[in-house]
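I'd like to ask you about the structure that follows.
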């Protein structure tokens, strides 16, 4: 089964005519790392996640999953990627259980029904598993969507603002889940606006502004302060440190 | 290989399931199709008698118009909540997703066409059921051809501005051969002395069209859906 | 063609110009066709424009396929240029056809098989241009898909329209080339070559325009760095 031990984003740029969505982004991630992707709206976070997920082709540069490049992107590679976009990618007319069973089936998992039940228990949605998703609150949808994205236990986890609309409890549940993913040696790339929650979790932070990337120093102090400081220094950005 | 068809079937089954929750697409498309036929009735029925040979054309126009509506609606569902990208992430050849959606559309259109044919038979007094086998073959091959091109175009326009009006603009010219063949065959069937050789010819042409364009669509689905 | 030097381009442009200027002389001196007289002479422009359209359709289709599967931007530039020429030469054919028809038979349009086919192809490539104009970013790939489907459609359009027309034949059918007198061959070839040279010149110019546009965009992108 296809697996990889690091993710390398190699000088990736994505242009739409004159608009630069991404510009010379380079980053390497290892298993057990959780990297936060920060930045204002429209900075290119979703685009970067889309490129890493093989849904968008870079205009320049490449992504390497272990030794395999994105040019050879295959179905096997997608089996190791879990992608949760900002819109939750759920079918509102189906129940939670049906949504999960569908994706378990699409990912070729044995016994989709029991995998779905496990996921429902993990997310605490077991009691409402057979209601249609249309009736769920935002927080419940988010929990379900996360389970959908992780149901096949992928190596690489890409999350686009998963904390949006979550209440305190749900956010805590998500944080714990992310910690488990780190412990399980998954590679997690997380785009978020929620700097306080991300603070305890992240190993590294990277800011995108107008498609360009800057790495935050792993210095002391809360993430929020370092983020603001980095944005203030816009004019004289240090060169990103390719680790 | 078996996985490919399994995934396609999962997608189709999902569409059927989603539809059976609300029946929205079936009911609205059926209503639209019958309205379409009625509009043509007012245009082509004079003094209580339908114009000669109008029935065949009306069946296929109703199929084309209601098919376009259904296609737009089917993919709106995938657009909502970015569901299509969730499907595209599945670890299978992406063309399987296309096939699943195609099957679902064809099933829907089969239901709608059954009603259209019945309705036209009554309002236009057209002997459409004289040779049911030939009629079904024509409608099936024509629908598959129309739906193949339509599903690909609707999927490809998913993230496009002005997709509502662009779909018919792209779809109709490319499917003119399907409509010509379908109408031609149906006319030949409805003649007072039906020309079955001609019906067979048009059906064969449709089969060829379906084979070529299904292959093309399966081939181009992935490149066209990757941004 | 992309690597054509300015001198070659200028040379071809002059050749095309010269050929078009002398064409009316040749056409006027060609023999009259037996049944239709003067009106028939439009075919010296009508048929070559149609052939040019066909050529454009196939160039667009093939380069679209290359763009879809190999993602070479040069292929997309060629496809756009070819699509515009398909629409342009198609329009020429669709204007000259009815002009001929109205003078020869008194009706503007009688669903002649070849004209109908040209109309369908014209619509497909007009749709291509509309998609590129209004489809927003990413419409290059989508229009490539359309062009490929359009090109694959050519034999089906041909067969279906032809068989459809033979069921309802009319007496007014545009004569085929083989029915023309030998004196017409020379002028016809002259006009054909003139159109082909013009086609190459226009295609090159249009591709060059796209190349410059691409370069301009790259400059903008480099500027913001």
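Every chain is named by a letter (A, B and C) in the order it is written, and numbering of its residues begins at 1.
By our rule, contacts are C-beta pairs under 8 Å (C-beta built on N, C-alpha and C of every residue); 3 or more make two chains touch, one makes a residue touch a chain.
Keep in mind that this is a model prediction, so the values were computed, not measured.
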Notebook entry, point to check: Based on the averaged CA atom positions, which chain is farthest from subunit C?
Noted result: A
Notebook entry, point to check: Across the interfaces B-C and A-C, which one involves more C-beta pairs in contact?
Noted result: B-C
Checklist line | Rounded Å distance, subunit A centre to subunit B centre (Cα mean) | finding: 38
Item checked: Separation of subunit B from subunit C, taking each centre as the mean of its C-alpha atoms, in whole Å -> 31
Notebook entry, point to check: What is the distance in Å between the mean C-alpha positions of subunit A and subunit C?
Noted result: 49
Note to self: Give me the residue numbers in subunit A that touch at least two other chains, ranges are fine.
What the structure shows: 57
Check: Which residues of subunit C are in contact with two or more other chains?
Finding: 138
Notebook entry, point to check: subunit B: which residues touch two or more other chains?
Noted result: 226-227
Notebook entry, point to check: Which bits of subunit B are touching subunit C when the two form their complex?
Noted result: 149, 152-153, 156-157, 159-162, 166, 169-170, 172-174, 176-177, 180-181, 184, 198, 201-202, 205, 208-209, 212-213, 216, 220, 223-224, 226-227
Checklist line | subunit A residues touching subunit B - in the complex, by the definition given at the top | finding: 50, 53-57, 75-79, 81, 83, 85-94, 98, 102-103, 105-108, 132, 148, 152
Next item on the list: Sort out for me which residues of subunit C touch subunit B in the complex.
Entry: 68-69, 120, 123-124, 127, 130-131, 134-136, 138-139, 141-142, 144-146, 148-150, 152-153, 156-157, 159-161, 163-164, 167
Note to self: With touch defined as at the start, can you tell me which subunit B residues reach subunit A in the complex?
What the structure shows: 3, 6-7, 10, 14, 17-18, 21-22, 77, 80-83, 85-93, 226-227
Check: For subunit A, which residues are in contact with subunit C within the complex?
Finding: 15-20, 23, 57
